[in-house]
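Next up: some structures, all given as C-alpha cells.
In the two complexes below, chain A is the common chain; its partner is chain B in one and chain C in the other.
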Partner chain A sequence: MSHLKYIAQRVALMLLTLFIISLMCFILIRMLPPVPLPAGDPHTAVIEAKREALGYNKPYLVQFGIFLKGVLTRFDWGVSDKLYPGQEVAAIFFEKLPATMIVNLFSIILSIPIGISLGIFAALKKNTWIDHVISTVTMVAISVPSFVYAFLVQYFLAFKLGWFPFLFGSTIDGTPLGSISYFDPQFLWSMLPPILALSFGVIAGFTRTTRAELTEVLTSEFMLLARTKGLTKTQATVRHAMKNCMVVVLPSIFGEFIGILSGSLIIENIFSVPGVGELYLNSINGRDYPMFIMLTVFYTVIGLAAGIVVDISYGFIDPRIRVGSKK
Partner chain B sequence: MKRKLTVALVLLLVCVMMLPMIASCSSCNRGGGDDGTGTTTGGGDQPDQPTYERVYFDPSKSYVFKDAVITLPVNWNPHTYETNDDAYPADFLRVGLYGFVFNDALHPSTVEGVDAYKGYTIIPEMAADFPEDVTEAVKALENNKYGIPESATSGYAYKIKLNENAKWEDGTKINADTYIYSMKMLLDAKYLNYRATDYYAGSFSIAGAENYANAGQTKLKDNGAGEKVDRDAMKKEADGTYTYKGSPVYIGLNFALKHLSGDTLKAYVDAYGAAYFDVTNWATLIAKADADGLIPLTDENYELFAPVVTGNPAWNETAKDVPEYYVIKKSYPADVDFDKTVGLYKTGEYEITLVLAKSLKDFYLLYNLTGNWIVKQDLYEANLKQDETSKAWSSTYNTSVETTSSYGPYKLVDYTKDSSMRFVRNENWYGYTDGKHTYVDPEDNKEYDMYMTTEITTQKVKEASTRKEMFLKGQLMGYGLQAEDFEQYRSSDYCYFTPSETIFFFIFNGHLNAIKEREANEGFDKSKFDLETMTLTSFRKAVAVTYDKEALCTAVNPSRSGGYGIIGNNYIYDPETGAKYRDTDYAKQALCDFYSVDVSKFESLDEAVKSITGYDPVKAKELYNQAFKEALEKGYITSKDGKTSDQTIEITYAASTAPNDFMNKLLAYLNEKMAEVTKGTAFEGKIVFKFSSPLGDAWSDNIKNGMADTVLGGWSGSALDPYGLTDLYCNPGYAYDAGWFDANKVDITIKIDGKDLTMTMYQWSDALNGTTVTVGGKEYNFGYGQADTPTRLLILSKIEATIMSTYDYIPMIQDAGASLLSKQVYYVVEEYSSVMGRGGIAYMKYNYDETEWKAYVAEQKDGTLSY
Partner chain C sequence: MSKFNTLNNTEHIPAEMFEFAQRDAVIHDKKLSTKSRGYFADAMIRFKKNKSSVVAAIIIGVLVLFAIITPIASPYTLDNKDNVFINMPPFIPYFANQGSSFFGGARTMDLSQTMLDNIKAIQQETGRNPLLKIKETKTVEVIKRGQKVKEYYYTADVCAFYNVGVRTLVMSYEEYEKIQRWQDETGIQVLYPVVNSDDIKGITDSPNIWYKVKDQKGTPALDKDGNLVPAYCTEKRLEGPVEYTSKRIAGDNGSYIYSLAKSGAVQCRVDYYNYYRYLNGGNEPFFIFGTNSLGQDLMTAIGIGARFSLIFAVLVSAINLTIGAFYGAIQGFYGGAVDLVLDRIADVLSSVPFIVTATLFQLHLAQKVGTVVSFLFAFVLTGWIGMAALTRKQFYRFKNQEFVYAAKTLGASDWRLMFKHIFPNSLGTIVTSCALVIPGVISSETNLTYLGIVNLSEMSGTTIGVLMSQGQAAMTSSPHVIFFPAIFISLLIISFNLFGNGLRDAFNPSTRGVDD
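And now, the complex of A and B:
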C-alpha cells in the first residue's frame, strides 16, 4: 500500500514539475527576440500579421492559457509556423518518431547482449590479456564520437565494399525506397549502417558498466560464502553475482530505452534518417513555438516518467531496496 | 479475342498519342534508330524554316535524374512557400504563363545577331499566345475603375489567351476560372498568404490587389522603404497633422526602420546618446510616443524631432533625411469585392485580362509571368484549416503526394518527409505533345524533344562526403566540389564552373569617430597599436594593391576568380540580348580609370582591362610609406627612429563564426602577403589582420558601426538588374559604410546629351532606378524605358567608379561554384547563361539509360567512377 502511495505521490509531483517546466519553457522561448525580419521587405508585414493572428503578441500567460486549453480540451498542440508551415506539430512529430525509435531500438537490441556478454567475459577473465583487450577497446570505443563510426561505416561498408546503401531508406544502388516500410527486407538492410554506427558506443558502455559491477560483485564476501557452500563458480556467478550486478546495469538499460525517443542529430544527418533528431534544435533556431513546446512537454513527460520507472524498478530488482520508506 | 481487342486498343492509343506529333510534323516518315532512338526527317510547318532530322527518345527506356539536396522541401504551396528549398519542386510541377527556352533554329531570338544557344527566347506556355495590350479599352471601362493613369495608352492592361490543353495531372482542365479562383484565394486577406505581396508590392502589381489583400487592416508603412514622401507632397489637415493620400503620417521613434537597417531610432539614441544625436528634445518626444513608438507628424513635432537627427554632425544627416523616419498608417477599406476591384478577370472560357497598377511591357511583363499562382480548387479547399482559438488559417496544400497536383512536366509520386521525393513524367502535360518543346542539338543538328528525363529522385543528403561517395558510385548526377576537391578535379572534363552574381570585397573601416572611441577604451594600448591610420586614403590604396586577387582565390577557394569591379561579371544590362555589363566599354573604362591603366599604351580597351591584376607591390610600398608620413603628421602613430612605425596597425576581421578552414586560409594569406609587401617599408611587420570573437549576425552591425575593421562581404541582386545594385551603396539602410560615407554629399558630373550634369551620387542612383529627381528645377529620370541604354550604362559605370574610389570596398573575389557532372548525362549547352543556366532538366541528355549505366558503373574498378 505504501508503495502505491509512493507512486501516487511521485506522479502528482511529476505533473506539478511538468507544469512548471512547461510554463517556464513556454515563456522563455517567447521571450527570445523573434528572428529578425528584413525591414522594408513586403513579406515582413505578412509575417507580422500572421504573428498577430496567432496571438503571439498577447501577454505570455494568456498565450499559455490558450495553449493549455487547446491541449487539454482538443489535444491540439498547434500548427507549425516555421519548420513545416501549416502542418500540425503533433502529426509531424509522430510521423518522424518511428524512424528514430526503430533505429535506436535495433541498436539497443544489438548492443545489450553484446555489451553485457563482453562485460561478463572481461570480468570473469579479469586481469588476463582478454580483459585488457576488451577494456582497452571499450575505452577507445567510448572515447570516439558516434559520428566518426558513422563516417567509417559509410565509407567502408557502403562506399568501399558496397554492401549497404549510403542512406536510410534506399537501395544499394541509391534508389530511394519511397514510403517507409519497416518490414521490407531492403528497408531493414538500409537501416543497418546507422544502427551499427550507434551501437559501438552503446556496446562499449554496457561492457564497461557490466565489467565494473561484476568485478566488484565477484570479489564480495557473499560470493566467497556461496562458493564455500559448494556452488560452482558458474552457479555462483549466475545465481548471485549476475543478479546483484543487474541492480546497476538494468537502470542503464532503461536509460538507453528512453534515449530511443530522442534520436541522434549527427547520425540522422549522416544517414538521412528522417527522424526527430534535429527537430528540437531547429524549432529553437527557427522560433517555431508550437513545435518547441510540444517537444518540450513530450520529452519532459518521458524524462519524468522514466525517473519514476527507474526508481520503482530498483525495488523489483532488489527487494531489499524500498523506495519512499522512512524506516 | 480478348488479346486481339487489347492489341487493337493499344494500337488505337498509340495512334491517338501520335496524332499531335504528326500534326506538328508535317511530313513525318518515322524510321527506327539503332541507338535507342527513333528518327524521322521533317520539320516545322513554317515554309521558310529549315528542317531537321527528328529524333525520338525510346519510351521504353528509363532515364532517372538522381539529385541530392541539403534540405528537402516541406511546403511548395505557391501561395505560402517561403524559402528557395521549398521552391525546388516548382520546376517539375508547375509551368508559368510564359517560359524561357534557348534560342535555336526552332526558337529564334527576337534580337538579331544572337548566335544559337548564346541567348534565349520566351515562348507561351500556359498561355496560348503573347499578351495583347488592351490598356485603352480597359481604361474606358466603368469610368476607369482600375485607376489607369489618364495619360497612359499602353502597358497597363493585357488580354491573355490561355492554353486550352493545360490540365492537372488527373486530367482536369485548367481554364480562366482556375486563374481567377486561385488569385482570389491567394490575395484573400484572411489567409495571410506569404506570397500575396508578390502580386502587389513590387514592380509586378495587379490593380486593386493591395486593397483586397489588406481589406479591413491597418498597416504601418515605412516611408523610407517606399516612396520617401516629403512634407511638401502631403496634405496638412485642420488639426495640424499631415496625411498622405488620406493616410495619417507619423514619425517613427521606436519603430523598426529600413533606413536604420531594421533597428529603431530609440535603440540608436539609447546606445549612443549625445555622442551622435542632439538629445535636447528626445525625452519630450519619447513621452509623446504611442504603443507603436510613433508620434503624429505635425509642424510642432517636426521642429522637435528634426534636430535630433540633424543637430549633431556625428550622425551626419540633414533635413533631407528626415522623411526616412516617417511612417504612414494606411487603413484599408473593409469591404472589397474582388470581382469588381481586382485587376484580374475572366474574359472568356480560356481568356483572362490582367490590369496592372504599375505599367510593365515587353520582356519585364513576360518575365513576371514566368511564374504561376494557380491551385487546384478541390485539393486546396480540402487542405485549408482554421484554428478554433486564434481563428488563424493554415493550409497543408502541396505538402505531400496526396495534397499535390501537377500541371508541369513531372508529377510527384513519392514523398517521405526529410528523406526523399520522386517525380515521374506527367503524361497529361501538354508540352510532351504540343511540338513546341523540342530543340536542335548544336552537336548533331538533329531535332530532339526536351525533357528526356523520365524520372527524378531527390534525396536529402546533408554531408558533402556522403554526396561525393554516392556520386563516385554513380548514384548522383552532380557533386558540388568542396575546397579540398579542387586539386583533384579542377581540370576534369566533367568539372563545370558556374559563375555567380556576387563580388566579394573587403569592406574597409573608415569610421574615424568609432575608431577614436575604440582607441579611447581602457584596454587599448595606444603605444603599441593604432587603428586610425587605416582611415587614410593612401593606406587604403596601398592595401588595395597589396594582394594578387587570382592568387588569393587559388589559396582560399580555387573555384572563384579575382574580382575587380564591385559589379560582378554575370550581370546582364539588356535582358533582350543577354549582354553583360562587364563586357561593355563603359564598365571596362571604369576599371581602367580606377586601376590607373593608361589605355593608350594598349592595342585595345580589352587588352588594357586584361592587364589589370589589382596587384602592384612596388606601388603598394610607395603608398605605405606615404601613409606613414601622413599618419605621423596627423599624430595617429609615433616613430622613435623616424623610419618605422612604433605602432602595429591591427585590423580586426569581423568573424561571424568561429574560424573555419576558409577563414583560416584567408587570414593566413592576408598576413603572409602583407608581410611580404610591407618588407622594407615603414610598416614592415606592423600591419596585422586578426579575427574578432564570433559575432553571429551582428557582424554587419559591427562593420557599420566601425567596431570591426574589415570583412569579406558582398551583395548579389537580380542578374538582370545591375542598376539596382547602386542603391546598396547609397542607401544608408544597406550601405556598410553609411557610418562614414554619405552618398548625398558626393557629387558626380556626367555628360548627358553633350552637357555636363551634376547630381549627388544618391540622386544619380535614384534616377537610374526610375525615380524622378529634380535638379535645378528640372526633372530627370534615367530608369528603364526612360533613358537609352548607353546613357544608363554610362551612369552605372560612373557610380561604380565613384564607389570604388572611396576604398571603402576593395573588390577581391568573383564568386563562382564548381561541380562535377555525372558521365551518365551531358549538357546540350555547356556555356553558362545567367538566365538559362545550362538549360536545366529540359535540355539534359543521357549517355546511358539506367540499365546501361548500372552495367557501366559495375565495370569500373571497385565499382567506383573516375572523374
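And now, the complex of A and C:
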C-alpha cells in the first residue's frame, strides 16, 4: 500500500512541477511579440480568429487559463502560425511523432542486447585485456558527441562504401522514396544510418551500467555463499548475480524507453528524419510559437515521466528498495 | 625544606626554583622517519598511478596550448576570408611542390583526357604543377562515327590550390595599376594576357584555356611538335584604357594585351595563386588544416573556437560551482523546511529541458545582453543544481561530526561553521566533479551551436559546433572540413572525461590502497 502512496505522491508532485514549468514557459513565450501575419493570406483570418479566441490581448494568466482549458477539455493546442499556417498544432505533432519513435525504438532494440552482453562479458572478464578494451571503448563512445557519429556513419558507410542512403527516406542513389511506410524494406534500410548513429552512445551507456553493477555484485558475499553451497560459476552468475544486477539495469531501460519519444535533435537534423526534433528546430527558426509551446510541454513531460518511471520501477523490481516501505 | 613551609606563598615562586623535568630524559617517542603526506598529496600519488588519466591530462594540456597558441601565432585571423580558396584541403606549398599528396592540397579527381590536358596547360602557363599523382588510368573503347576510338580516363590527386590556375576578374583601373606596380616590385606575375573567346571556339567559362582548341569541349589543337599553340589576344582595340607597362610573360613580344575594356573597368586574367599573394602581402597560402566554407584558415578557426569553448566551459563551471556550493551549503546545513523548499525549487528548475531553457534565453535576452551572455545565463540557470546536490550531500555527512560540534561550542557562527569547517572537507569531491562538468558544458555548447539554436555570428568568433555545421554541408567533397573539428572536440571531451574519472578515483578515499 505504501508503495502505491509513494507513487501517488510522486505523480502529484510531477503534475505540480509540470504545471509550474508550463506556466513559466507559456508566459515567457507569449511575452515574445507575436509573429506578424501576411496580409491577404487566406490563413491569416483563421489564425487571427484563433488568437482572438485564445485571448492574445488579455493578461497572461487569463491567457494561460484559456490555454489550459483548451488543452484539457478539447486537446486544443492552438494553430500553427508560420510553419503550417492555420493547421492544428497537435495534428502536425502526431504526424511527426511516429518517425522519431520508430527510429529511436529500433535504436534501443539494437542497443539493449549488445550493450548488456558487452557489459556482462566485461564484468566476467574483469581486469583482463578484454575488459580493458571494452571499458576503454565504452568510455570513448560515451564521450564522443552524437554528431560525430552521424558524420562517421554518413561519410564512411553511406558515402564511401555506399551501403546506406545518405538521408532518411531515400534510396541509395538519393531519390526520395515518397510516402513514409515503415514496413517497406527499402525504407527500413534508409532508417539504419540514423539508428546506428544513435545507438553507439546508448550501447556504451548500457555497457557501462551493466559492467559497473555486475562487477560489484560479483564480489558480494552472497555470491561466495552461492559458490560455497555448490552452484557452478554459471549457475551462480545467472541465478544470483544477474538478478541483482538487473535491479539497476532494468530501470535505465525503462527510462530509455520513455526517452525515445523525445529523440535526438541532432540526429534528426543531420539525417533529415521528419520527426519531432526537426519540428522543434523548425518551430524555433520559424518563430512558430504555438508549436514551440506544445513541444516545450512535451519535452518537459518526457523528462519528468522518465525520471518517475525509473524511480518507481526500482520499487517494483526490488522490494528491498521501496521508498514508502521504510515506516 | 623550610622553603616550602609557607604554602600560601605559591603565587610567588622564584624562577630559579623551576627545573626542566625532561632535559636529560630520553624521549621514547619515535620520530616520524617518513615525510607526512596530506590529503591532496595522497590523491596526487594515486592519480599518477592511473596511466590513462595522466595521458588524458597531457592531451588536455596540448589542446589547451593549441587553443592559446594558434590564434596568436597563425598569420590568419577569421577576417581573412577568401572566396575562391573555400573548403580547400590541407596545403603547405613545400609539399605540393614536391608532388606529395600529403599536405599538398590534394583532392582526388576523376579526369578525362581533356581535363588532364587542361591541367598540364595550367602548369605550362603558371609554372606550378597541379598534378600530384596519377593513381589509375582507365582505357575505354567507344565507337565514334562508326570507328573504334580509345578514350583515356584517369584518377589522379590534384593540388586544389594550383588547379585554380587563372581566373577572370573584373577590376577598377586603380586596382589594375596597383597590381602592375606590385608585379614590378616583386617580380611575381599576376596578370596574364587575356584570351578572346572568339579565338577559342567561343568557350567563355574556362579561363584556363589559353591555347588553340579543336572543339567546344576544349580539346587542344597541337602544332607539329605536339605543343600547345597560344591563343592570347593581340587586338589592341579591345584593350582597356589603362596601359600595361609591367612584366610580360615569356614568349610575349609585346603584342599581347593584358586587359579587356569593360565599361568603367577592365577584365583581366589573373593567376589566382599569385593574386592571393598580392592580396595577402606576398605570403603564399599556408593552410595546415585546409580552409572552411568561408575560406578561413581552418586551424585558426579551430583554435579560436576551442578557446571560446574552453573559456566558456571554465566560466560556466566556476559560476555554477559557486552558486551550487552556496545553495547546497545552506540546504545541507539548515536541513528541514529550508532544505525541502530549496529542494523543490531546484527540482522544478532541473525539470525544464535544457534545450528549452537555451532557446528561451536566446529569444528573450540575446538582443538585450548579447548572445554569449544569454547563452551563459542559460547554462547557469540549471547548471548549478548538480553541484548543489553534491554539496548538500557532503554537508549532511559532515555537519554532525565532533569537530563541528566543537567549533559550535566555541561560539563559531553558522557562516564560519559552513565555510571554515565543513566546506573544506567536501572540497575534494566538489572540485573533482567540476572536472566532469567541463566536458558536459563543452558538449552541450557544441551541440547547440551546431544546431544553430544559439547563433554566435554576431560575436565575430566561431565555435567548434559552428565549424562542424559548416563542414556538414560539404562533407562529401571536402570531408576534412568536418573531420578536423570533429577530431578536436572528440579528443577534448574524451580526455576531460578520462581526466575527471581519474581525479574522482584519486580523491575518493574508499579506493585508497586498492589496486586493481
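Assume the second predicted complex is superposed on the first by the 290 of 327 C-alpha atoms of A that agree within 3 Å, B and C clash if a C-alpha of one lies under 4 Å from a C-alpha of the other, contacts with A are read in each partner's own complex, and residues count from 1 in each chain.
Just so we're on the same page, a residue touches a chain if its C-beta (ideal position, glycine included) is under 8 Å from a C-beta of that chain, and two chains touch if they have at least 3 such contacts.
Fair warning: this is a prediction, and the values are worked out from it, not measured in the lab.
By the document's definition of touching, of the two partners only chain B reaches A:Lys96; chain C does not.
In the superposition on chain A, A:Gly70 contacts chain B only, with no contact to chain C. Contact with neither chain B nor chain C is seen for A:His240 once the two complexes are overlaid on the shared chain. Which of chain B and chain C touches more residues of chain A: that partner is B.
Contacts of A:Leu265 after superposition: chain C is touched, whereas chain B is not reached. Of the two partner chains, chain C is the only one touched by A:Ile21; chain B is not. Applying the stated contact rule after C-alpha superposition, one finds that A:Ser143 touches chain C and leaves chain B untouched. When the two structures are aligned on the shared chain, A:Tyr155 is found in touch with chain B and with chain C. In the superposed model, A:Leu304 makes contact with chain C only, not with chain B.
In the superposition on chain A, chain A positions 151, 154-155, 159, 269-270 are in contact with chain B in one complex as well as with chain C in the other. In the complex of the two chains, the chain B residues touching chain A come out as 64, 66, 74-75, 77, 80, 82, 192-194, 196-197, 201-202, 217, 219, 222, 224-226, 256-258, 260-262, 385, 387-392, 394-397, 399, 414, 416-420, 422, 457, 459-463, 465-466, 469-470, 472-476, 697, 733, 854, 862-864. Those residues of chain A lying in contact with chain C across their complex are 17-18, 20-21, 24-25, 28-29, 31-32, 127, 136, 139-140, 142-148, 151, 154-155, 159, 262, 265-266, 269-270, 280-281, 284-285, 292, 296, 299-300, 303-304, 307. Against chain B, the residues of chain A that register as touching in their complex are 36-40, 42-43, 45-47, 49-50, 53-55, 66, 69-70, 74, 76, 78-79, 83-87, 92, 95-96, 151, 154-155, 158-160, 162, 166-170, 173-176, 178-180, 269-270, 272-274. Residue ranges of chain C in contact with chain A, taken from their complex: 52, 347-348, 351-353, 355-356, 359-360, 363-364, 439, 443, 446-447, 450-453, 468, 472, 475-476, 479, 482-483, 486, 489-490, 493-494, 496-498, 501, 516.
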